[in-house]
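Two complexes are shown next, each including chain A; its partner changes from chain B in the first to chain C in the second.
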Partner chain A sequence: MLSQIAQKHADACRFCWMCRHLCPVGLQTGKEANTPRAKGLQLSLTQRGSASFDANMAEGMYECLLCDACTNDCVTGFEPPLYIREARTQAMVEDIAPAPVVQVLDNIERTGNIYGEEKPTFPSKDNAEVLLYVGEVAACRVPQLAEAYMRLLDKAGISYMTLEQEPPSGAMLGDLIGFTQEVQDQGAACVKALDASGADTVIVLDSYDAAVMRQRWPEWGLSAKAQIITATAFLDQLVQEGKLKLRSLNQTATYHDDSRAARTLQEFEPPRALLAAAGIALSEMFLHRDLAKCCGSSLANAYMPQITLLTAQGRWHDALRTQAQLLVTTCPQSMELLGRAVPQDMELIDLYTLLERACE
Partner chain B sequence: MQAKAFMRDMILSELEDIVGVENVSTGDSEMLAYGVDYFWIGRMWADRGQKLPVPEFVVRPKSAEEISRLLKVANYYKIPVHTWGGGSGSQGGALAMAGGITLDTKRMNKLIEIDEKSRTITAEAGMVFQQLEWYANERGYSCMHIPSCLTCGTVGGALAHRGIGIMSSKYGKIDDQCLQMEIVLPNGDIIETLPVPKHAAGPDLNQIFIGSEGTLGIITKATFKLFEQPESRQFRAFMFPNLTEGLAAGRDIMQKIKPSIMRLYDEAETTSIIKKIIDVEEKGNFMNVALEGIRRIVDIEMEILCEICEKHGGRDMGSEYGERWYDNRITFFYPGHIMDIPQMFGTMDTVSDYKNAEKIYWAMKNAIESNFPGVRFIAHCSHWYEWGTMIYDRFILDTPPQDPDEAIRLHNQIWNTGVRAAMANGGVINDHHGIGLKLSRLMKEQYGPAMQVFEGLKKSLDPNGIMNPYKLGL
Partner chain C sequence: MNDMTATDSLVCVKFVQQTDGTPGRTLNPADEAALAAALHHRTTGKVTVLSMAPKSCEAGLRELLARGADKAVLLCDSHFAGSDSYATSGILAEAIRQLGPFGLIFCGRRAIDGETGQVPPALATKLGLPCVTNVLDMEPRSDGILHCRRLLEEGVEHLACQTPAVLSLCEYSYPSRAPSLSDLRRAKGKQVEHLDAAALGIDPSACGLAGSPTRVEQASPHTSGLRRVTQLDLDTFVETTAKLFREVLI
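Let's turn to the complex of A and B:
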């Protein structure tokens, strides 16, 4: 069932206890099955024919945020998400994925996004050199983040466009069913749309999209003509070039690195540079940068909201122990997730809305 | 048959009523996760397609009150209860050998208090120890319980088998570091040990439950000492001509100063594992020492350390090797570095006084190597006391029998031989991994008639014998 390489990784994990302390799902649910070791063990037993890959096991494979905290910790370079994604493919093939997962798949197939809704569009100019790729979470659930970003671009004098029919990048579907041909086809359609726009720079708001575009597309032989840059890195450039002037807000905040920015893209400095430029003193959470604890993904939230409420609470618990009463993030998915569990006396804000205040 | 199935559903609904439907599991696949802990036999079973010892129900309580209610139900139906923390114990202690209920403590992971005035930290027992250490670190302290299972073992697990960390020679074992505990007794009563551990109010209640491996109750909360982070930590390595001198140096060091880390390797380990990691290409007995605390004191201690080692013929190798070992200390435990199936292996961690330590080492080595051709025996001493040391002796067999029954037979014979050689020469069966299932059968040999004290406790606290059957010789 697993590819050779995935089997090798599962076999390595099956008797290894080393990285479980970082698993946001394991920590919050307290389930032994929600440890990389247990998932590796279960799959290795199926490979040896001594357990069957059943609906119960499939359900466990979906109780993972694919956040790579385990991978990042692994001194010997093993990657649980590799075999967990493949197990998800298998669950789909064998028709044993949990019903809420199948519902999300149905949503994607019908509408291109996990919510099964029509995706809102945003104002756009024709033939701009810069294209803003909004992504489904910002568009459907956190439009204020996207709009604040657009106003910052306006302030910096950047002419940009958006796509009226923005195709999915493959990030969500790839996490849901593994990197199948269908996902690669989604990526290819997205490349085509980006190329057709004529933009020479694509700014990506959601790091999950940016991660798939930068890491997976090349693996699938896909490459967009435009340069792909995250929204935060682009903004940091504008500030450095003096195109966007920020005044000091003189506040203290803590910053949440989302898992794809932190571990796939390894992009920690641009948001911190922007916070510093806006006079925000940073009170870091104990686990930050590449160690940041994932608060949950929008995809996981769509099919296991009880567990993602726990993971969001887990991250707030970290924030509450800092000196800050303000938690900043650039990630639309984190805005959706953390927004479900804001503790009393804490404020959640996206970086772009905060920077807008510093522009006034 | 039908009636039994009906009772199963009735029991399930009682369990769900206590902890919530989402915190009870019965799925076959989920149970597999509880079928293997760090015990070699469990791993071998999994590797060779054997049926794993899994429970019927897994419950994940959130509080001592929920545990209390669960134990009352278990007692009523006389269902075995196996406590599972991280499942990282190497003795099979958490395996549900009697089926029934596995009680996973990991949802009980709240920090309760950091008391900076008394320098203590209190947490629920299901917290992974690394998390507790991070909470301490956030305030500039450390619990100084830094075992290699820091990232996987829980607070309760460390207490239940009397765990130890690499800094133990200065900061003590878990039983020295724990000040107070909350425990749920098998009958569901929730008790607390006294507010401080040093008193003259009878025997030490803490020490009855520390090391009881889930056979006498479930630890739900514990308070530990906090230490200031050291201003300075300095390493020094030495090469001794033989074990005798190395052990004598270790004893003299423990009499005069308090190193945090002190590790003395036998020649077999010096020329194999240590050589690989720190690139030392010579015969002898490698010793690595760390001193820590206030810099001025550490500087003086360092002078004394060097004098003692020189007196015993230890060649000073400077600080670099020790630092390299420290940087790699966790790497040893990741796949590819640690011993693993298909090898057969075991760690016998014996503890004894200095008078017997070397005798025990040779007795065990000779007994194992002469009775079991092809089995390698390597050892180091890594936890030191004023009166003696722990011998972390390991046996390794690269090609064990394929047949699982034969493999178990050989495994147990090697263990019996090694442990009996240790006990016959004044050693104690185990220093810090505990007894579990692995050594349960040898407890009566170790204790003799003294075992009746534990048996009496067991009988009065757990008359139905539901708590972790077949473990700890109880």
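Let's turn to the complex of A and C:
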């Protein structure tokens, strides 16, 4: 059922339980079956003929955010997301994936995005050297984040374009069904569109897209002609080059690192440098940078909204303990998820809207 | 075996230890390219994957069925254990005679464990077929002539050969393809076929250690070319350098 390498990762778990202290879904649901080690054990038992891979087990494999917190902290170096992704592929092959998951797959097949909606377009200039890859979550659910970013580019004098028909990068489909040929085909179509734009720099707003473009595409033999950079890193460069001048806001905030930026891209300095440049004093949460606790993903939210409400509340609980009044993030998916559970005493804001306030 | 009209192809594969220290075996990189080439150039025929390996490698062969191979055959017998490249090529040749005819036989140019690169040419010799090694890419023509580009130490050679032929592919020459959901669904009902020495009609004395003329007498780590680096504090560095200068200059 699993590839040899994924099976070894599932079999080789030492069941040390360390990952259960970091798994956002396991922590919030309190279900032992939701810990990465339990998922490994279940799949291992399947291989040995002691359990069968049925609809219940398949559902459990989808109760995971693929946030990589378990991998990041695994002392034996094993990667639960590797076998969880493959188990999702198997669930699709066996036709035992949960109905809401199949509905999301249907949405992607019909419209290219998880919402099954037509994706809004944004103003664009022709033949600019810089292309802004907005991504489906920012376009469909958090357009204010994308628009704030575009205004910052305007203020810095950067001419940019967007794609009228922006193809998916493969990030969402890869998390939903595993890295099958269909996902690689999505990536190939996206590379083709980026290359056809003629841009020499592609700014990516959503770290889930940036992670698949920078990490997975090369593994699949795909390579865009343009340089791929995250929106936050690009903005940090503009500030360092003096193209964007910021005044001090003299506030205190806490910052939420999203899992793909923090763990896949290892990018936690640029947002902190931007906050410092805007005079924001940082009060860090208990789990931050590469240990950051995931608040949920838009994909998981589309098929298990009850659980992602819990994971968002879990992250707000961490934020409240900092006593900061402002929670800042750069991630459109975090904005969508955390936006579902904002507590009374705190404000949620995306970094780009905050920086707009600090622009001289 | 020498059927020039055969459209089926066969890929010989080996599962080697992971190189990053993680447990388990993985498909040899050059064999990945061999499978990718066979699938890329498949027209009407079927692609069979063949491996001489322990039973534990059956899962690996099943993965290759999911990647698009039509049939998988595992040569598994305790008599095969310890076979060198000479005995291995003999066993593979016998299996290919039984399973064929094949228009093209693809191999990786070398395995990352043994690194001999001897099996493809030995296999071609035993099957009486032409062999092109170190293939980078190829173009089969309708007249049965195969045009190949092969890697040499100082360049690239273009050549043509008749089919059937044995080809050994360079690592990464053809990009490997992930299975699609429909590939995986199609592979669900397929089984890996097992063949042992008796089924192949091979005398046990012709395989395994008994049938292998190679004897490894000694293995030792190589030391030539290795840098020897010693970390020194400043005082020792000055003293050592001064001593070396004195030795060279005087």
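Simple rule for what comes next: the second predicted complex is superposed on the first by the 357 of 360 C-alpha atoms of A that agree within 3 Å, B and C clash if a C-alpha of one lies under 4 Å from a C-alpha of the other, contacts with A are read in each partner's own complex, and residues count from 1 in each chain.
Just so it is clear, a contact is a pair of C-beta atoms (placed from the backbone, for glycine too) under 8 Å apart; a residue touches a chain by one contact, two chains touch by 3 or more.
For clarity, every value in this text was computed on a predicted model and none was experimentally measured.
Participant: So if we stack both complexes on chain A, do chain B and chain C clash, or do they fit?
Facilitator: In the superposition, chain B and chain C stay clear of each other.
Participant: Under the stated touch criterion, which partner chain does A:54 make contact with: chain B (first), chain C (second), both, or neither?
Facilitator: first
Participant: Just to be sure I read the superposition right, which of the two partners does A:7 touch: chain B = first, chain C = second, or both, or neither?
Facilitator: second
Participant: Is A:329 in contact with chain B, with chain C, with both, or with neither (first, second, both, neither)?
Facilitator: A:329 contacts neither chain B nor chain C.
Participant: Which partner does A:19 reach: the first (chain B), the second (chain C), both, or neither?
Facilitator: first
Participant: Give the angle at the C-alpha centre of chain A formed by the C-alpha centres of chain B and chain C in the superposed arrangement, rounded to the nearest 10 degrees.
Facilitator: If I round to tens, I get 80 degrees.
Participant: Is A:32 touching the first partner chain B, the second partner chain C, both, or neither of them?
Facilitator: The answer is first: A:32 touches chain B but not chain C.
Participant: For A:197, is the partner it touches chain B (first), chain C (second), both, or none of the two (neither)?
Facilitator: neither
Participant: Return first, second, both or neither, reflecting whether A:254 touches chain B, chain C, both chains, or no partner chain.
Facilitator: neither
Participant: Which chain makes contact with more of the residues of chain A, chain B or else chain C?
Facilitator: Comparing chain B with chain C, the partner touching more chain A residues is B.
Participant: On the overlay, how many Å separate the closest CA atoms of chain B and chain C?
Facilitator: It is 10 Å, taken between the nearest C-alpha atoms.
Participant: Common interface residues of chain A with chain B and chain C?
Facilitator: The answer is residues 12 of chain A.
Participant: Applying the document's contact rule, which stretches of chain A touch chain B when the two form their complex?
Facilitator: Residues of chain A touching chain B: 12-22, 26-27, 29-33, 35, 37-38, 41-42, 44-45, 48-51, 54, 56-57, 59-60, 74-76, 78, 286-287, 306, 321.
Participant: Would you pull the chain B residues touching chain A in the complex into a rising list?
Facilitator: Against chain A, the touching part of chain B is residues 22-23, 25, 27-30, 32-34, 36, 38, 43, 46-47, 49-50, 58, 60, 84, 86-88, 104-109, 126, 128, 130-131, 134, 137-138, 149, 151-152, 330-331, 333-337, 340-341.
Participant: Along chain A, where are the residues that touch chain C in the complex?
Facilitator: 3-5, 7-9, 12, 77, 89-90, 92-93, 177, 179-184, 220-221
Participant: Touching chain A in the complex: which residues of chain C?
Facilitator: Its residues touching chain A are 15, 18, 22-26, 59-60, 63, 175, 177-181, 183-185, 188.
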